[in-house]
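So, here come the structures, one by one.
In the two assemblies presented below, subunit A is common to both, partnered first by subunit B and then by subunit C.
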Partner chain A sequence: MIRLRAKISSSRGQSTNISHKVGTWSFSAFVILLLTVIFFPGLFAPYDPLELDVINRLQAPSKAHLFGTDEGGRDIFSRVLYGTKDSVGASMVIVLMASGTGTILGAIAGWFGGRIDFYLMRMVDVFLSFPYLVLAMALAASLGRDMRSAILALILVWWPSYARMVRGQVLSIKERLFIRAARTVGASNFQILFWHIIPHTYRTVGVRASMDVGYVLISLTGLSFLGLGAQNPSPEWGLMISNARSYVLASWWYSVFPGIAILLVVSLFIYAADRFSGAER
Partner chain B sequence: MNKFKRIRKFAQRFSWMLLVVWASLTLTFILSRVIPADPARLAAGLQAGPEQVLEVRKALGLDKPLIVQYFTYLKDILRLDLGDSIQTRQPVLDDILRYLPVTLELVFLSFFIYAILGVLFGVLWARFPRNIFSKFLSFSSILGVAMPVFWVGLLLQLIFAAKLQWLPLAGSLQYQDFDITRYTGMGILDSILSWNSEALRAAVLAVILPVTTLVLSQIAIATRLTKSTLEVELRQHYVRTARARGVAEWKITIFDALRNALNPVVTMLGLQFGWLFGGTILVEVVFSWPGLGLYSFNAFRTFDYNPILAITLVVTVTFVVVNELVALLYPLLDPKLRERK
Partner chain C sequence: MAQLLQILDVNKTFKSGNSKVKACQEINLTIGEGEVVGLVGESGSGKSTLANLVLGLEKLDSGSIKFEGVELEKLLKDKSKSFRREVQAVFQHPLLSLDSRKTIAWSIAEPLVINKIGNSASRKARVLELLAAVALDEGTASKYPSQLSGGQLQRVNIARALALEPKLIICDEPVSALDVSVQAQIVNLFLDIQKRLGVAMLFISHDLAVVRHISDRIAVMYAGKIMEIGDTDDICESPIHPYTQALLSASTFTEESDEGREKLKLFRREEVPQKGCPFSTRCPHAIALCREEEIKIQSFASNQESSCLRAQEIFPNLAKK
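Moving on, here comes the complex of A and B:
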């Protein structure tokens, strides 16, 4: 009985392992595809995303225009592809910057403790006490309405949660034996922090970052939708949906396709994070 | 002794709240007056000539040193003097009091609907994980999180207003069409108070799409969290004991497990309530719902100075206060926290 059970559980373990591997591979393939689209949209896009062709304005999806055309006659399919850079690329940059800053500050707070820890964490608490959309809107409004200020605003909004998470981890890593060993051998604070502690946080930070690319994308497109991020004629997805509002009654394709792009990218990132965190357990 | 400790704890919480509010005040000040190269220029608008900019600079007190500006700013806020809006040419406080209930109607309705449905779905999912309905939930909960709220709103408009023409495309109840008095500013409540069934019908129809949008965008989070915490609770020993004693399964789930699983759910619902407040901006813009969100959207878009400050302040204070109130709820939900202190 016991042996049978062990067998079942081991075979199940294997199968999840395989499907986990498949999941990881397909996720990597998806990210590589995304990066290719971000850097070389011209490889896939049939049209120029900015070229006006007013005679063909607001055409329904057809063979010539897969996703139809917008009010300037521009091909929506090409615009969605070119918009990947401004939407997904920018979200990745935001998450990279926010998780980097958060990880370093959180590790410093956890490692040194004392007064540094106290002040850093109070700062984090204050930042986390703000509703993020309002803070981002206020920042974007005061820095000027363009992509750069939206990106900066979202980095400022997102780093504190990483700092808190990493600090918690560092507090427990700090007590482990290999840190004491490094100490004994004479490693400096800096060396221990960057070579021994921070690499141990990569995994949880990575899972979190993968999920956050999705959430940041939603916030970023939201800011652009409100006119506080990308500006016309950029093919950013949120901005496209914002432009499509005026044509919602007659041209369904205009608002639907950029939204599907957002939905697809966000759900894949969240799904991947779900899988990774499940594999860790 | 115990009483003294409780008072001290309360004082601590309260001073923390004050600190956050002060920080938000300072941050808005920095954002609006220190970071922009020339705030008067922004406030006056792009078309303004040099004389107009000078005038605005004088009127807003921007010609004084920053530290003086900072203290007059704090003093004005303490006196609840939030200045005038350039757009509506009215005191900002009046504007906010006028638009707030219109937003609250959306926020309250959607909050109650998704809190109840979210917990219910979460319970069903945790209790019957292999059910088809649960499979559907696990799929749609990822979709629900992944859909941007403004897009959901547009889709609903597309389907129910443009194609099927069942519901109005945008806007809230038009008071002048039904000749009813504005008691509260909440359409449904006002039409009930004026005893006007036609108006009530219009008010309900107008509210359906925006509330559905907010519910759809929020419910997945509540459902997933309820499910995952309840799942853990259902594996505990006390659940097994209760089962062994022959207690009905639904009683165990609701009265024992759910009660213990509720704590993180309540925290999250509190956070979401604060989020709803900011998130309604997007929904109100999509549905041209004349509440605080649309008002602030217009203010942010035109850089209407005083409303931006006031809105950031109001939203932040509400957010902080709601979170603190939620924190006060914990001991009621969890007796263990009452003991510790």
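Moving on, here comes the complex of A and C:
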């Protein structure tokens, strides 16, 4: 026991390595579970999420319907599981696209500097100067009221913060000696960017992205709640809560369970990202 | 010996706000094919700036640098990148000059990939060959830079520089960051490589003992100017510039015991004067003329060149060419 502790504390590198691994493992396990539910909701859901069963409408939670049923008699548990794809899956896609675009544009701005940098960063400033949710609402509404336009709107709203963060990092990375060394062996601008500079931003972008999945989920379900995203009869969580508004007093389960799902996923993503970033240091 | 690299009247000044630093002034230096030229001087004398200018990492203010008779500017614009294949570099910090996220094998193969040489199988073989050439075992290939020691890392950097079979290697203080015992190993590795491949080198160091060991010729720099150039033996045995003399007397490589050796005392380091010889404020032989007249490099017999105005007075048996 003593030996073990000595081993762990003997080098700081080793002990951070262990907590790093715990953070990474718990995070990956959580993401894998979510992905399974997203791609194979049928494995867990007892009912078809869209099948109406009007006789059993607004049933309280029971053995047959774990989370109760909605005004159409549809099983809320099944709907929450199927809705993972529209809510969490879409949020992941948004973050992936936004962080990818932001990283590439930010890296280009930071590396080339000059006029490219100026125009890209002014564009970023314009996006960031609006309250993001208001901008997302305006964009989603003008692009047409469906899921696709909500996703597009959120990607448009989210990439600038990545661009700014990555640009800052690139400014310091590009002064490092191994970049000079790459130049002296003849690497082109794009080879240096994609082989040497962008890989060095993966860590911070990764931590930021995992946290952002939570924030994007709130915004996306918010848009759906306002009728700017998913449309009926999709089992999207925000839309379900929106539908449940008229039944809040009589049928608490209808709005509470999708709400808990949102709360759970958002806080888990933010907590995991926090652990993750702590371990990175 | 055919001229490989010609540095002609090169000037480079760095400006920040109101202050100007003249990093290189009127530098003239040539390197022949297969020749090793040592460049010594204390820190801040402009040695690394000169290396960066030759590598095209900085732009020169005036003068010209020619490689195989062709203007550097033209070579850098050339799409075929032949200059980048023929001139390689080894830098001072072995760890910082490698990408920490890439394996050793990746870093050594990178020059080959960039210049589209061979396929992945032949590159793999070449990497192992290069590792053997710098006396590292095959297991090193899959490691990351943080797992190796400074000496091993510098060997990796040398292997990387050799990957493209260059004609010239610019070594910018390649051993300064290493342990003294490791320094000797790396210098010997450079010597061995030079003998086997006949590659020319510009070997920069602040340590005359190291430079003496490896160079055919030595150039001594002070405050952006060249003070003295000559064959290694001449420079080390009969210097014709007071600054070289002082450097030698402070060096520890002489075999005779320290007792009989007289250390030359210099005046305290002050700001470099705007006019006259930059060394005049520290030189024990300086007279009023030294602070007035611009220095010019002069050739003497025995193929030595010195910029000291009073060279013939200070070193009486010196014959002008």
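The rule is short, and it goes like this: the second predicted complex is superposed on the first by the 260 of 281 C-alpha atoms of A that agree within 3 Å, B and C clash if a C-alpha of one lies under 4 Å from a C-alpha of the other, contacts with A are read in each partner's own complex, and residues count from 1 in each chain.
The working rule: contacts are C-beta pairs under 8 Å (C-beta built on N, C-alpha and C of every residue); 3 or more make two chains touch, one makes a residue touch a chain.
Predicted, not measured: the structure shown is a model, and the values here were computed from it.
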{"item": "When subunit B and subunit C are modelled together on subunit A, clash or fit", "value": "fit"}
{"item": "Partner chain(s) touched by A:191 [first = subunit B, second = subunit C, both, neither]", "value": "second"}
{"item": "Contacts of A:270 with subunit B and subunit C, given as first, second, both or neither", "value": "first"}
{"item": "Touched partner set for A:45, first subunit B, second subunit C, both or neither", "value": "neither"}
{"item": "Touched partner set for A:199, first subunit B, second subunit C, both or neither", "value": "second"}
{"item": "Partner chain in contact with A:182 - subunit B first, subunit C second, else both or neither", "value": "second"}
{"item": "First (subunit B), second (subunit C), both or neither touched by A:154", "value": "neither"}
{"item": "Subunit A: partner with more touched residues, subunit B or subunit C", "value": "B"}
{"item": "First, second, both or neither for A:131, with subunit B first and subunit C second", "value": "first"}
{"item": "Contacts of A:108 with subunit B and subunit C, given as first, second, both or neither", "value": "neither"}
{"item": "Smallest distance from any CA atom of subunit C to any CA atom of subunit B, in Å, after fitting", "value": "17"}
{"item": "Subunit C-contacting residues of subunit A that also contact subunit B", "value": "none"}
{"item": "Complex contacts: residues of subunit B adjacent to subunit A", "value": "19-20, 23-24, 27-28, 31-32, 35-36, 142-143, 145-151, 154-155, 157-158, 162, 169, 274-275, 277-279, 281-282, 285-286, 296-297, 300-301, 303, 308, 311-312, 315-316, 319-320, 323"}
{"item": "Touching residues on subunit C, where the partner in the complex is subunit A", "value": "55, 57, 81, 84-85, 87-89, 91, 93, 96-101, 110-111, 114-115, 157, 160, 163-164"}
{"item": "Contact footprint of subunit B on subunit A as seen in their complex", "value": "125-126, 129-135, 137-144, 214, 218, 221-222, 225-228, 238, 241-242, 244-245, 248-249, 252, 255-256, 259, 262-263, 266-267, 270-271, 274"}
{"item": "Contact footprint of subunit C on subunit A as seen in their complex", "value": "176-178, 180-188, 191, 195-196, 199-200"}
